[in-house]
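Got some structures for you, see below.
Shared between the two complexes below is chain A, which pairs with chain B and chain C, respectively.
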Partner chain A sequence: MLKPETINQQSKLAQYSRTGEKQDLILSNPQHVFQYRRLVFYVVLGIMQQAFPIAQKAIGIESFKALVNEFFNSHNCKTPQVWKLPLEFCNWFKTSNQVDLNPSYLSELLYFEWLEIEVHTQKDTSTEGLMPFQGNAISSLRLNPYLKSINLNYPYHKFLPEEWLSQKAEYPMVIYRGVSDFKVHFMAVSKFGLGVIQFLLQTENLTLGEFLEILTQQNNEAQSENLQKQVLTFFNQLSHKGILFEASK
Partner chain B sequence: MKTNKLKNLAAGTIMLSSLSLLSVDANAENLFNTEDLGTGSDLRSNILEANLNSPAFINATIELKCGEGTCGEGKKKAEGEKAETKAAEKTGEHKCGEGKCGEEKKAEGEKATPKAEGKTGEHKCGEGKCGN
Partner chain C sequence: MVKGVGIGFRRDIADEIIGMVNPSPNFIELAPENWIDMGGYWRAKLDEAAEKYPISLHGLSLSIGSPDELDFDFLKKIKAFIKQYDIKIYSEHLSYSKCDNAHLYDLLPIPFTQDAVIHIAERIKVVQDYLEMPLAIENVSYYTAVAAEMKEHEFISEIVNKSNCNLLLDVNNIYVNAFNHGYNTKDFINNLPLEKVSYIHMAGHEKVADDLIIDTHGEAIIDPVYELLKWVYPKLNNSPVLLERDFNFPEINELKRELTQLHKITNQEEVDA
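Entry: the complex of A and B
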């Protein structure tokens, strides 16, 4: 059982390490206490720099450092898992007054960069029973279990940074982890392609036959044959990339 | 049974929003265009390297040179462009926490490179140190 004074001193040291503001600490070597702050802050900064290299490059290292400093000072970090700290940073940024002080794309860019970590670190799930997509009408369509989709507003992958704001539009993308190579892959898709993927994400055990039937219902009958051909080509592409599989019902 | 399932699907409120995305002009061009952007490290490198000369990134970098660097970053910059390029390469390739130690290993010889890239290129999560 710690003495109240010990707890008090520990809390003050922790507070100093977070904010860098002087505390009433009993120290044997006061001139060395700044090392605690330096070491702790640079651990957090290192985590953020590794998680958000593009964001850091876009706003500059000093601005990024100031942002992390503000985060570490003002936010009471909750997660016990260090790899989730960048998500807390994303969430904090969205609700902080820093949003107005930074480029409007920054919040999305941080989240976009976070998604790679999330997909990479996603808990393993069984992929047993998944087979390459063969176009079998009675087999269930199954998406890669490690897949996230996002409809970006800014074209980080297409344009130079100075054009990001002026080129604001819709840039749908899927991020997925290969089931065999375990690498995180990115694929830009069309808006309609994203719609199909999101539809499949929300449905379970839908067969190809059922999907095509829904597609036909939703569209002009005269177009449905052409559309079905295009969908099958798209599904084959997704299958080739390890995004779409099928499983027997 | 099958009809019921389809009806249920169509009736679901969540589904309706998605179903609307399935309505489209089938004759439209680029209906299912895709572009493989590669792995995380490919995409990151492409964005960072392609933008090295971008005014936006350069302006952001200039902030570094203003003398505010208290931790030696200013000095590094002053050493020349080589340092800048190296730093950019580091940022481009490694997000995983291994960069600090892995970089030096890389320099030891080309043999180490593929392994190091394989490890560092993909991991942003900090797990590399212990798990991978």
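Entry: the complex of A and C
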């Protein structure tokens, strides 16, 4: 069992490395202890800079560095896998008082940048049986398994950072990984398109016929006919992009 | 089978390593933390490399010297990864990287104390039992000792002997520590349980001040470190040697030149100046 004084020294060195605040440590080379603070902090900063290049550019390097410092000081990093730490950073930011001290877009932007990592690194799942969407009424509609949708409030993909706040609106977006090329793609969609995708994400093995029937039930005849055309056009677009597939039911 | 001379599998040079010839590495080493749960492009690259080379694991986050509890959820993932890739060598650092329930993502020096010896030896035994394989622990570089009550070689030797684990002999770390803390490299090595060495690391470092070398893994191996390996290697059991290069990657031919040098040493041939 560790003696309290051993635990105490280990805890103090860890605390110093996290915060840079001087601790009462028994050291053989006190002039070199700052290397631990430097090394530890730059690992975390490096990971965050790699994960959030747009956010860092938008708020400036010094502000970003200060934010990472605050995160590392105040948050107990849980994951043993440092490449997953950006998600902890997103979640920490959302619930910290930093939200009020930073631009209103920052929480969403951090999450948006994380989604790219999440999709890129998402565990592989079997895509056996997936065929290109051909509009077969009795086949199941199947979305690309490496897909996230988000309704952005700011147009990170369309405008410069200084214009984001004034352009606040709705910008639905799909982020997905190519099934065979592993590349991450972004696709701006309409609000209607986002609704369709989110509906498909919540339903399993729905056939095209069943989907169109649900659409008909929820709308009047004239609307339904128009919507069905829209949906089929949209599905063909999704298929072309590698987002929508079909599979035998 | 992990034997001969290997190289650290890093993303920046993944394609070069996969395509490496004359010489090609005999094996590759990777940090499981950087690959577990990862799919997509990088998983495909790992699988491509695994088709070509045996893999050894060198962990970063087990935090064997931590006062915190061992993380069995994490160990479970390590065990599954070991099984998936048929891993025969799993090594970790004799340091801690987690404390007060927070990961630090770098290696902090453990106080060289008797209670730490007992604590760590017990934890190594638990890990070895859980993984059903021996753990090799690495002598780490450090820039200041913390609350030390015994010598570093005594600390390492006692842990290895009490836990019956293997020793990963990091030759560069011995050179770095000898410079930073003023001891003789060969005396230090002679005081270690060399019969327990199962694996060797070689790397470069950076002298950042008159009295300090940092173990960066970002430079080429220097001649005195080659010389030290040449001196110690005949005392060891033909242990596999790993070239560590984590940053500041040179042209692949430069890494091949280092691999060739290491091959020559392990084959007891003359090393080029």
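Definition applied: the second predicted complex is superposed on the first by the 245 of 249 C-alpha atoms of A that agree within 3 Å, B and C clash if a C-alpha of one lies under 4 Å from a C-alpha of the other, contacts with A are read in each partner's own complex, and residues count from 1 in each chain.
Following the convention adopted for this analysis, a residue touches a chain if its C-beta (ideal position, glycine included) is under 8 Å from a C-beta of that chain, and two chains touch if they have at least 3 such contacts.
Keep in mind it's a predicted model, so treat the numbers as computed, not measured.
Student: With both structures fitted on chain A, tell me whether chain B or chain C touches more of chain A's residues.
Tutor: B
Student: Contacts for A:V196 in the overlay, against chain B (first) and chain C (second): which applies, first, second, both or neither?
Tutor: Once the two structures are laid over each other on A, A:V196 reaches chain B alone.
Student: Report for A:S63: first if it touches chain B alone, second if chain C alone, otherwise both or neither.
Tutor: A:S63 contacts chain B only, not chain C.
Student: Once the structures are superposed on A, label A:P155 by its partner contacts, choosing first (chain B), second (chain C), both or neither.
Tutor: A:P155 contacts neither chain B nor chain C.
Student: Contact-wise, after the overlay, does A:L215 reach chain B, chain C, both or neither (first, second, both, neither)?
Tutor: In the superposition, A:L215 contacts chain B only.
Student: In the superposed arrangement, does A:T233 touch chain B (first), chain C (second), both or neither?
Tutor: A:T233 contacts chain B only, not chain C.
Student: Output check: A:H120 vs chain B and chain C. Expected answer is one of first, second, both, neither. What do you get?
Tutor: Both: A:H120 reaches chain B and chain C.
Student: Of the two partner chains, chain B (first) and chain C (second), which one does A:G242 touch, if any: first, second, both, or neither?
Tutor: So A:G242 meets neither chain B nor chain C here.
Student: Quick one: is A:W83 in contact with chain B, with chain C, with both, or with neither? Answer first, second, both or neither.
Tutor: Touch partners of A:W83: chain B and chain C.
Student: Show which residues of chain A both chain B and chain C reach, each in its own complex.
Tutor: Touching chain B and chain C on chain A: residues 47, 82-83, 120-121, 182-183.
Student: Spell out the part of chain A that touches chain B in their complex, as residue ranges.
Tutor: My answer: residues 46-47, 49-51, 53-54, 56-63, 82-83, 113, 116-117, 120-121, 156-157, 160-162, 164, 173, 182-196, 198-199, 202-203, 206, 210, 213-215, 217-220, 223-224, 226-227, 230-231, 233-234, 237, 241.
Student: In their complex, what parts of chain A are in touch with chain C?
Tutor: Those residues of chain A that touch chain C are 1-3, 5-7, 9-11, 13-15, 17-18, 25-30, 32-33, 35-36, 39-40, 43-44, 47, 75-85, 120-125, 146, 177, 182-183.
Student: Which part of chain B faces chain A closely enough to touch in the complex?
Tutor: 2, 5-6, 9-10, 14-15, 18-27, 30-40, 43-44, 46-48, 50-51, 54-57, 59-64, 66, 68-69, 73, 88, 91-92, 94-97, 99-100, 122-127
Student: Along chain C, where are the residues that touch chain A in the complex?
Tutor: Chain C reaches chain A through residues 33-34, 36-44, 60-62, 65-67, 71, 74, 96, 98-106, 108-111, 113, 115-116, 118-119, 143-148, 180-181, 212, 214.
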